[in-house]
Amino acid sequence: MRFDGREPKQLRNVTIETNYLMHPEGSVLITVGNTKVICNATIEDRVPPFLRGQGKGWITAEYSMLPRATESRTQRESSKGKVTGRTMEIQRLIGRALRSVVDLEVIGEKTIWVDCDVIQADGGTRTASITGAFVALTIALGKLYEQKQLAKFPVVEFLAATSVGIVDEIGVVLDLNYVEDSSASVDMNIVQTSGGEYVELQGTGEEATFSKKELLELLEFGEIGIQQLMDIQRSALGDLASKIGEKGLITE
Amino acid sequence: MRFDGREPKQLRNVTIETNYLMHPEGSVLITVGNTKVICNATIEDRVPPFLRGQGKGWITAEYSMLPRATESRTQRESSKGKVTGRTMEIQRLIGRALRSVVDLEVIGEKTIWVDCDVIQADGGTRTASITGAFVALTIALGKLYEQKQLAKFPVVEFLAATSVGIVDEIGVVLDLNYVEDSSASVDMNIVQTSGGEYVELQGTGEEATFSKKELLELLEFGEIGIQQLMDIQRSALGDLASKIGEKGLITE
Amino acid sequence: MRFDGREPKQLRNVTIETNYLMHPEGSVLITVGNTKVICNATIEDRVPPFLRGQGKGWITAEYSMLPRATESRTQRESSKGKVTGRTMEIQRLIGRALRSVVDLEVIGEKTIWVDCDVIQADGGTRTASITGAFVALTIALGKLYEQKQLAKFPVVEFLAATSVGIVDEIGVVLDLNYVEDSSASVDMNIVQTSGGEYVELQGTGEEATFSKKELLELLEFGEIGIQQLMDIQRSALGDLASKIGEKGLITE
Amino acid sequence: MRFDGREPKQLRNVTIETNYLMHPEGSVLITVGNTKVICNATIEDRVPPFLRGQGKGWITAEYSMLPRATESRTQRESSKGKVTGRTMEIQRLIGRALRSVVDLEVIGEKTIWVDCDVIQADGGTRTASITGAFVALTIALGKLYEQKQLAKFPVVEFLAATSVGIVDEIGVVLDLNYVEDSSASVDMNIVQTSGGEYVELQGTGEEATFSKKELLELLEFGEIGIQQLMDIQRSALGDLASKIGEKGLITE
Amino acid sequence: MRFDGREPKQLRNVTIETNYLMHPEGSVLITVGNTKVICNATIEDRVPPFLRGQGKGWITAEYSMLPRATESRTQRESSKGKVTGRTMEIQRLIGRALRSVVDLEVIGEKTIWVDCDVIQADGGTRTASITGAFVALTIALGKLYEQKQLAKFPVVEFLAATSVGIVDEIGVVLDLNYVEDSSASVDMNIVQTSGGEYVELQGTGEEATFSKKELLELLEFGEIGIQQLMDIQRSALGDLASKIGEKGLITE
Amino acid sequence: MRFDGREPKQLRNVTIETNYLMHPEGSVLITVGNTKVICNATIEDRVPPFLRGQGKGWITAEYSMLPRATESRTQRESSKGKVTGRTMEIQRLIGRALRSVVDLEVIGEKTIWVDCDVIQADGGTRTASITGAFVALTIALGKLYEQKQLAKFPVVEFLAATSVGIVDEIGVVLDLNYVEDSSASVDMNIVQTSGGEYVELQGTGEEATFSKKELLELLEFGEIGIQQLMDIQRSALGDLASKIGEKGLITE
């Protein structure tokens, strides 16, 4: 039995509230158990220097935690004057994952910024960020599409993420909370598409290792979680969900 | 008539939700119209170097905005690598204001950090931060008091803040939203105690000036707002409200 | 009786030496008692990005102290690698105050930088900076005007600043030196124009509060000081003083 | 056929030169094709603050490239004043990987710093760094062991790393050089032990995705490379190789 | 004939005003032609970490320019967030030069900070800084000596500095002003003691070179200037001048 | 007799290996005794802002040490977030020295970056860097010349550097290693051309001074070393050596 009474293959309660804040083009509050992340998408009418003049768009992410998202207070990165390695690693992961399911040619020379701000942390903040960011991004792109600024809907597949791990005396578990994450000997983040393909797979033995057999079991648990997360994304997106992967051109 | 239909002397809708996040010793979500600030208080068992060995406590504040709290996206201070002058000015103001109504000798060698994170901005973020921070701070100190770590309750008066200003064609108004704030010729932040005394008064002619007569009218409007804010703080604090300014020692 | 023998309503000795350094367009050494500030105005032929193309000018200030302006040595902000909150607050105040009495449209797309470098500090450095900076700025603008680069003289009123405060056993006093400032329970900076209007009013109860009656007395003391400071500015400016607030166009 | 004539399952030429520099406790030059990395291990007699007093050691890594390790010159991180996200991600990975095969209790309160400086880059710099760093670390620990400062030899298994990927028109390939890496649709770094277990698995679809079948083929190719790398490590280490995983205590 | 009418071997007018500011232990304003530098010495009761526990003192210098010391405004190093290479080079030179004529054992575990702040620059700011800093330092040490905190007077020789150079159509010249410095093909800074020995010699061909014969002529000119500078230092120091190099112990 | 058995006038073993790395336009490994520096030259098709539009080129240098180039590990400047004063001083010296023997007009609007990375340090790293950088630069310019991008060969003379010093009980010595350098009372770096002229002369009494007689002996020893270093540069450059100082135009 898990610490919080869940079955090994059971996700925590997940909700996705859309239109959470008034200013962003796409704004979502995702809660995964006690983990809460605000994901805001912003559309900017230019691309970074390395992409200028290529007619292609860009998606980039930033990730941060409130100082008291965590049990003890964490110093702000702004007062330290620099972003930690952990933050950089996470925001690079989120950006890369989102770009894999969007047709950047369709967006044109625009950048979509997705800000993931964790207001409460209880494990799995990076995977919750990806799952929520996908919805905020899709809503923002939906607005561009409605304004007929895009020749077709650029999101080609659903994308969600979860964590799996190996915990002593229990074995493989899905969607680790903070207590489980701290004690897990193996920890893996899985980012997957609705087509069942992998976008990112990051497995780490925390001062431990894992075998191929364990790897396969971890992947199987991940798939169960990803499917449920996509059902929740689908409800949150409403009508927009049906545009994902659709080929029709609106400018016809 | 004001832009949003309010009377000149009318506050926006104000709510204060306590126990907003699970980890902080005191946690509040304050909304003032469309302005929303999360205020979290953290108790740390040491004081800054300049106070060590004096048996006195300290209260300090940090202030930040989510990048999309604002209409267009603002770059994160952590990625800029430094805190702006505006942020520093605001967090110094919040800390100074809170310290004026707390007996720091009673707290002993502890620091209370109050983090004010604006998740949505529509004018008046610094005064909403002070009003909310007072409640978060009081709740955190209430926990110390219940644990009999304090000889008496150290909060000596209520403290709240609001803005007043002079807007063309309307005159003096209370609690400016963003649109009013941008067009006001005079802008004043008032921090006041329940005893009616001033803690901070910051009046600025924005490429304009103001007379003594106008100053007196601004102060009068401010007082009306402050009284109402303190009623809302009192309800939010519940039983704890009655401890404020109380002299009895618990350790007797 | 005050620590240095002054009456409560008495300013310290104030002198303003013009043409202090050879390179700046306007250069002034202001001494207020033992406080000494070099104020230099520089004219730059462009404006910050947010103003480009609007035909309007800008005035901005920077403030700094020599490490041994103070009783014990203060670390340089350049070796710390960042500007403190106090410095930022002061330089924002100086810039805002100066802009309130200059017609920025007349200046055209130019920036006037005013550098206030405190070489000796004994309280009141920010108000001495404003009073001196006004003179340095006016001299620099006088040079542009003589070169017929301005359609009229852009300074519309005199501007000066002083501090007032409440000191135990004495009550309200004008122009606090460092010893008084450190022990004052209330401290207020007043920036006023020759028309008697306020530009900035910053009153702070230092772990204390103040009543409306005390506020009015503080303002009255301030006014006495400001009038005398403007007489000294007027003598320092000589002929140029008479151009301030004048409407005639030179390009006719 | 691959760009450089290799078979899909073929590693580049790999050499490991030990005692490369005179000062470090362990110093290695590893070359993997045209990629060259200097790996230096330093022993420091203290641990980071979070480990003090626990009797446990620590291993940490830093990674950098010479500005002209790359085809066009890269600006130094020291003149930029900050370390990029890519560098942080890599150095965190190297440190984590090394810690997984060393018994930190045996080391006691010491930190081993492993510096990986890429002097020439042609793809696979992070995996070459791990493979070389393992040897430099083992040599440094060998010196401590010879000096009888360790109760037993703390390295419990061999550790090596390589990359695998999917390249258009070829399919799965082992040990990608820069040209292959730039064009690969899937890129995976594998860190494995001599026991065949995984320590890290980082697979990324670069604006692409991959199936479970492809994953299994990638892992199989990786295993082939890892085995050969460990043979080269074994020769480089000479007698020391036989100590790895050995249980005997020297202090008996 | 030189640009400003001087003979090749002629110094500019030099004055050294002592007790320039009220707070520092030693404070001097040195003017060399139009170059003006405030030199302040501060005594601190501890030494940098690398000297702790050795019973020896330390002397260190910091150098800075006001933004409008120069013809066009220079950005502050504090707002850039870093100190330039030129500044670092100069402050290292000043510190090194001062340490060469002071017996650091006599000072004991104290640091003397010497701040050289250029308020007006017209060439030769680093050599004027050294010449002025020597006087400020000697005055500060004189105070320690009077307070019987030093067993003997620790300054063993006079120290002064000047520049020499080679200017087209004139040849070797002494004490270059800014215009000469900008056009000189060779530029040399000489720091010398009253015993005629060199402490620092920094000769640079500015996109040019110089022969041994020219070097000897440069050194001869330097010696002429140094002698005169030491006469001016001697007058500025008054009675204290006679303590320099004296061997008697006061604690007997 | 010197510590390592050398005669006072004897250089350490010096080798210069060209084409050391594959990417740079010029790449050299210079070893001077145990000191080893990689010098890489990069050609960039633009000049710094202050030179734009003048048709002239620029040469600039950067210098760094691997953390374990030294006996004990030195923290990376990239993780400190700033470049030390020592590094800045050295890289400014290298750049200035190289520019003195190259005709920058001939290069046109290009910048040559020369990176000197010390991989092993045993004294004399800055002079080894200059001697090696000259060769790397000449090779890079040789490639431009072969591609007929230069009207003539822009290197006008050979340039090399060495150190001399005064060591107790031995007297003047040439080419100090780390042990000698640490104990020398006088230390001088000499940068000289094949014509025997000086480019830079930096003599420092390390808490000591030196007489003119000693200076002349130091210069004589330096000349002996410089001649030998230029012979080694000449062999390393092969055919290219004969182009140095040649006047003929290739575009005729």
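Letters are used for the chains, namely A, B, C, D, E and F, taken in the order the chains are written, and counting of residues starts over at 1 for each.
Basically, contacts are C-beta pairs under 8 Å (C-beta built on N, C-alpha and C of every residue); 3 or more make two chains touch, one makes a residue touch a chain.
Per UniProt, the chains are A, B, C, D, E, F = Ribonuclease PH.
Predicted model only: the values in this text are computed from it and were never measured.
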Neighbouring chains common to subunit C and subunit E, by label: none
Starting at subunit C, fewest touch steps before arriving at subunit D: 3
Cα-centroid distance, subunit C relative to subunit F, in whole angstrom: 52
Mean-CA-position distance for subunit B and subunit A (Å): 34
Distance from the mean Cα position of subunit E to that of subunit A, given in whole angstrom: 61
Shared-contact residues (touching 2 or more other chains) in subunit E: 81-83
Graph class of chain-chain contacts, one of line, ring, star, complete, other: ring
Running round the ring (origin subunit A, first step to subunit D), the chains in order: A, D, F, E, C, B
Subunit E residues touching subunit F - in the complex, by the definition given at the top: 82-86, 88-89, 91-92, 96, 99-100, 104, 188, 193, 195-212, 215, 219
Residues of subunit C touching subunit E in the complex: 21-24, 27, 34, 38, 40, 42, 44, 62, 64, 66-73, 76-83, 87, 113, 115, 117, 119-120
